[in-house]
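Here subunit A shows up in two complexes: once beside subunit B, once beside subunit C.
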Partner chain A sequence: MVEITHLDASPDTRVPKASVRAADGTAAAATLGLNFGSAEQRGETLVVRIRPDEWYLLGDGAPAMAAGLDLSGFASTVDISHSRTAVRITGDCAADTLSKLGSADFSDHMTPNGAALGNGIAGVTCDIVRDDQRGVRSYLLLLDGSFITYFLGALHDAASEF
Partner chain B sequence: MLLVPCPNCGPMNAADLSYNGESHRRPDPKTCTPEEWRTYLYLRENPSGWLLENWYCSSGCRRHFKIERHTLTGELRAPVLPGRKPGATQGDMK
Partner chain C sequence: MSHRLPAPLGDVIDRSSVISFTWNGKKLQGFEGDTIASALLANGEHILGRSMKYHRPRGVLTADFWDPNTTVQVDDEPNVRASHRKLADGMAVSAQNVWPSLKFDVKAANGLVGRFLTAGFYYKTFMKPAKLWPAYEHVLAKFAPGGSVDLDTPHGRYDKRHAHPDVVVAGGGPSGMAAALAAAEAGSSVMLVEHEHQLGGHLLWGSNDDRAAANELAAACAAAGVEILTNSTVAGRYEDNWISISQRSHPGVIERLIKARGKTLVGAAGTIERPYVFQGNDLPGVMTSGAAQRLIRMYGVKPGTRAVVFTANESGDSAVEALQSAGISIARVVDARAGEGITSASGSKSRVKRVTLSDGTTVECDLLVTAVGWTTPTSLLNMAGDRPVYDADAARFFPAGPPDNVLATGGMIGDGSRDELIAHGRATGELAAGRAAVVRHRLQAATARAAAVDGPEPDYPADERTPLDRAQHPELYRSTTHGIVDYSEDVSSKDLFSAAGEGFDSVELIKRFTTATMGPSQGKLETVNTVAVLAEARNETIAEVGTTVWRPPYAPISLGALAGRINEPTRVSVLQPWHEANGATPILAGQWVRPEHYGDPAAEVRNTRTNVGIIDVTPLGKLDLQGPDVPKLLNLLYTNKWMALPIGGVRYGLMCAEDGVVLDDGVTARLGEEHYLMTTTSSGAAKIWNWIEMWLQTEHPDWQVHVTPVTTGLTSINIAGPNSRELLGRLTTDIDLDPTAFPYMNVRRGTIAGVQNCIAWRIGFTGELSYEIHVPSGHAVHVWEQLLDQGADLGVKAFGLEAQRIMRLEKGHFIVGQDTDGLSKAPVTGLNPLLKLDKDDWAGMPEVAWTMESGDHPVIVACQPDNGSVVPEEAAQILRAGTTEIVGRITSSRMSPTLNRSICLAQVTKEFAAPGTSLEVLLVSGERITATVQEHHAHFDPEGARLRG
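This part shows the complex of A and B:
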């Protein structure tokens, strides 16, 4: 059983998103921390270090956290709530579903809870965060909103066998 | 499937990266001759053996890197980020 939810399709589940670019040694990078490829829930915000010099702030607390960062030096923040859209796929077979569409290793060994990675899913470049919900395997996928209709179709098609 | 080891992300499907061709240094356009500039723009070594190539990790860390590939066997070795020594990664800050 796999549950696929387009979070940004409803005002009740919409995910505010901010991108923070910060070079090594800046105050923003020190504040956000984390190792490349990992995520951590801080209050109402999921902080994701998705690239070596880029963090995503996801959730209701993201705008306030982004606004509160010290952006001195080579650092900037951009609200990406309306360019990137969020899809959550939850269930014991969520990894099997994604494995049919992408080439990353979604096993617990390589992508445990809290892991973050970029990978092509059904040909669409996605940022993926393993973000288990109440002990159930779950992935938060961020992708360009333009692809969402095709992408949801591909996900549902892949999940139909589970 | 060709597995390309990105210095940051680890082994990646080559389909998730962009191949940017043979790596060679650009001559100084202010001092080079037209022949040197033409060679830089259009001529490639295309050896049968080890070749230093440019790749871009478009689906992962979005970093350019260089890697040596054997054009006969497809073997890959020594990925390196620009300006860094082989084996170094970016983003190991805690």
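This part shows the complex of A and C:
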């Protein structure tokens, strides 16, 4: 079984999201930390180091965390709540579903819980966080919101065999 | 089922499950587990098809996937391999490429002139006179092989999948299964791919012990967690063990392409039995020893009643036992190892009747079984760079030495007993797992997101396997007579001799000239015989001739599988549901689904020019730029100057590629001290983002600029028309819209319809007083509806893309990619004041400078047909008057609702660019009309009074 949920389907469920760009050595980079390609839940915010100089702050705590960052040096934030939309895919066959649409290796040793990566899924550039839910395999996918209608169709189509 | 043998023969059929089907309209029955071919043979149908060129009757030759003689039509699917495809209830099976019937095929008349249809016949015969080729083609098409395609057949469901196993094993015989099992037991994730419908390889038609061993190994593989893919083929091996697998057994889909990145590939494809070349070798009733055993032991089918067996190996001997067990009379065993041979077979049109031996003896029979040796299907190893080497003592090719991450086992590299093959397979599996573990360790260590590696990198295991022996085998390829070498292509040994006589001395050339090895079997049955015949014809050794290069795919793969699911991303703005609910006609613009119009685009233009209109322009590319070095970046990318743009200011810019060709255009606003918002064309958003990152990351990594795409996050609405200021003013309290406070080409931030953090630009593509507002997308529907609600008395109406295109053309704004093309350098646009050659540098500047200096380039002009009721087609040619010399083309054209006449933009050579010049435009109808070049690009309000009002 695979469960697919569009987390931003309504204003009530919209996930606040911020992008933080910060160069090495800046206060913001030091505060956010993390190894490139990893994620960590901090209170109400999932912090994801998605690229070497870019972090995503996801969740209700994201606006406050972004606002509280010291942006001295070369650092900036952008509210991407309305740009990027979030889809969660959960279940034992979640990786199998994604493997039908994307080329990344979603096995436990290459993409363990807490890993973050970029990959094309069904032709759409996605940022993906392995974010297991209560011990069940789960991935959080962030993509440009304009693709969502097409993307959910492709995802459900791929998951239909499971 | 008159030719069905009693149990226990027929291991793979289920006699309790009867299947009904038709063969050329005749109702027949088979059993679950039958192939189409085995079911037909069980019903006494021995002719299953006709050959491609001579239309000779053909029967089962190999009774497996590679059988070249049993291609049939099943329902609306052509070219089905009857010796492989499982029988299904209700199948309508028919012979293909025959007329009027399989048994009486008029096209068999080709055989009467066969001696004239030698290799190269088409090339030599139909090339001259060239003018007759269409007629030749029309007739030749009637003789094209293959079944019939029903174009109304619904597109079936195909699928695609990626996989990253540690070990991929190609071949599920004893060695392959043992390798997969050993690798899995060593901790590897393993994918075992078997061409046929069940694991076991040659054990399936062997002794009881063989079959028991096969079942035991298959069960052990499953228990060890090996992913077993039967009826699947490893179709190709590419760089770094990128392995393509055609899976025909996945539920719910016709075929699935698996793209597997294997850390180690094990080739365990076994061997393929070679046919023997002699006169009459394609008669129905002549088959390989493997075919006879498969039919008898796996399918319980009696392939004949009186057999001659020509054997040079154990497989022939085993076939004799199988035939005897089926109650088939053995007329003669001809043992090549004792120096005996056969020279020809002959018979009726339906099957073999007699065999002539080397000593001149003639033996009556209805079945001739040959066991003359093996071909090693080294394709996958060849794709990894290996070139096989011929071993005359074993009478077959062997791999020379594939790369370390490709291993071979089993019949591909030697011979042995069942236990020896299994032992070698196990050793290979352990080695494959060991090497895969090293690759996995390195991958994990090198990939940031991966789990931490467990300890130091393991030692790379050396290959210490005990090699398999190579059994001696007589070299048996062709008798003293000529016969068919390539059954799929109807190429005989005589054709090959003839081609060799014409000077085709290379096996690669002779392959292409004769088409030998180029049929659906892809050389598996034909290559070595072709090589041997060529060697004989040229009096060379087989080793000297060598083999052709085997390329992917190993076996044919359907185009459907290569396409997989049809995933073509499309995008919509959050307002799209509103558009659809309000009668918009959608149009696909790039990836974006947009409203083309809401019923009457001309009315939408008139309303916007008279009152006020709003349009959803969300697809407009938007990039958030932050950092102290943004001005430097803009100065580098745009052709004009950007170092002094004030906060709140907006500037138009043109971008060029490094060859000076127009890349994109748009406006950029300065929102704050180090904060800018760039807009791009709708289709150029991703391209320009990449373009910017390329410059920042490769040329100027020292520049401090952060780029974030925000196209979708900001829903963009253009409010255009004389009443636009009034309308926007009703929705905002903190943006001063007074023209002096908010003049043209400025930007402001504020609250609109209660939504904070909106951005309002005073710009316009339509030529009207207009504001482009960018609203956080989650609130866009509210703002859109508020605009319509608050502006009802102002005459506000939504307008679509077509109205916008008309108005921009009236205003003379060009569109990158429509009015420019891949050769249009910046001076073509006529925006020379924006091409600042006094800057230090900008992308494309040298090319633009050279172009301006030479002056040798076309230019965009506005023109109007002299007959204002005629709208020339876009791309209509502009000709020098009275000639066919092309001097330009119409790039945009519309009927203007504002001017009530046709208007155009065009690219013309400079000679024709002066205002007042008369242009001759060639319409698609062939009619020529005249048009006059205008003073300005703008057909409407050239002074910009409305825009700046």
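In the analysis below, the second predicted complex is superposed on the first by the 160 of 162 C-alpha atoms of A that agree within 3 Å, B and C clash if a C-alpha of one lies under 4 Å from a C-alpha of the other, contacts with A are read in each partner's own complex, and residues count from 1 in each chain.
Everything below uses one rule, namely that a residue touches a chain if its C-beta (ideal position, glycine included) is under 8 Å from a C-beta of that chain, and two chains touch if they have at least 3 such contacts.
Note that this is a predicted model, so its numbers are computed, not measured.
Ranked by how many residues of subunit A each touches, subunit B and subunit C are led by C. After overlaying the two complexes on the shared chain, residue contacts for A:I80 are found with subunit C alone; subunit B is out of touch.
Of the two partner chains placed around the shared chain by superposition, neither subunit B nor subunit C is touched by A:S72.
In the superposition on chain A, A:S103 makes contact with both subunit B and subunit C.
In the superposition on chain A, contact of A:R51 is made with subunit B only, not with subunit C. Of the two partner chains placed by the overlay, only subunit C lies in contact with A:S19; subunit B stays clear of it.
Counting contacts by the rule stated earlier, residues 35-37, 103, 117 of subunit A appear in both its interface with subunit B and its interface with subunit C. Against subunit A, in their complex, subunit B makes its touches with residues 1, 8-9, 12-13, 15-16, 58-63, 89-94. Per the touch definition, subunit A reaches subunit B in the complex via residues 24, 29, 33, 35-37, 49, 51-53, 103, 117-120, 125.
Interface residues of subunit A facing subunit C in the complex, by the touch rule stated above, are 11, 14, 19, 21, 23, 35-38, 74, 76, 78-84, 99-105, 107-112, 115-117, 122-124, 144-147, 149-151, 154, 157-158, 161.
Of all residues in subunit C, those touching subunit A in their complex are 159-164, 189, 251-252, 259, 261, 440, 443-444, 447-451, 565, 567-574, 592, 618, 624, 626-627, 704, 706, 708-714, 757, 776-778.
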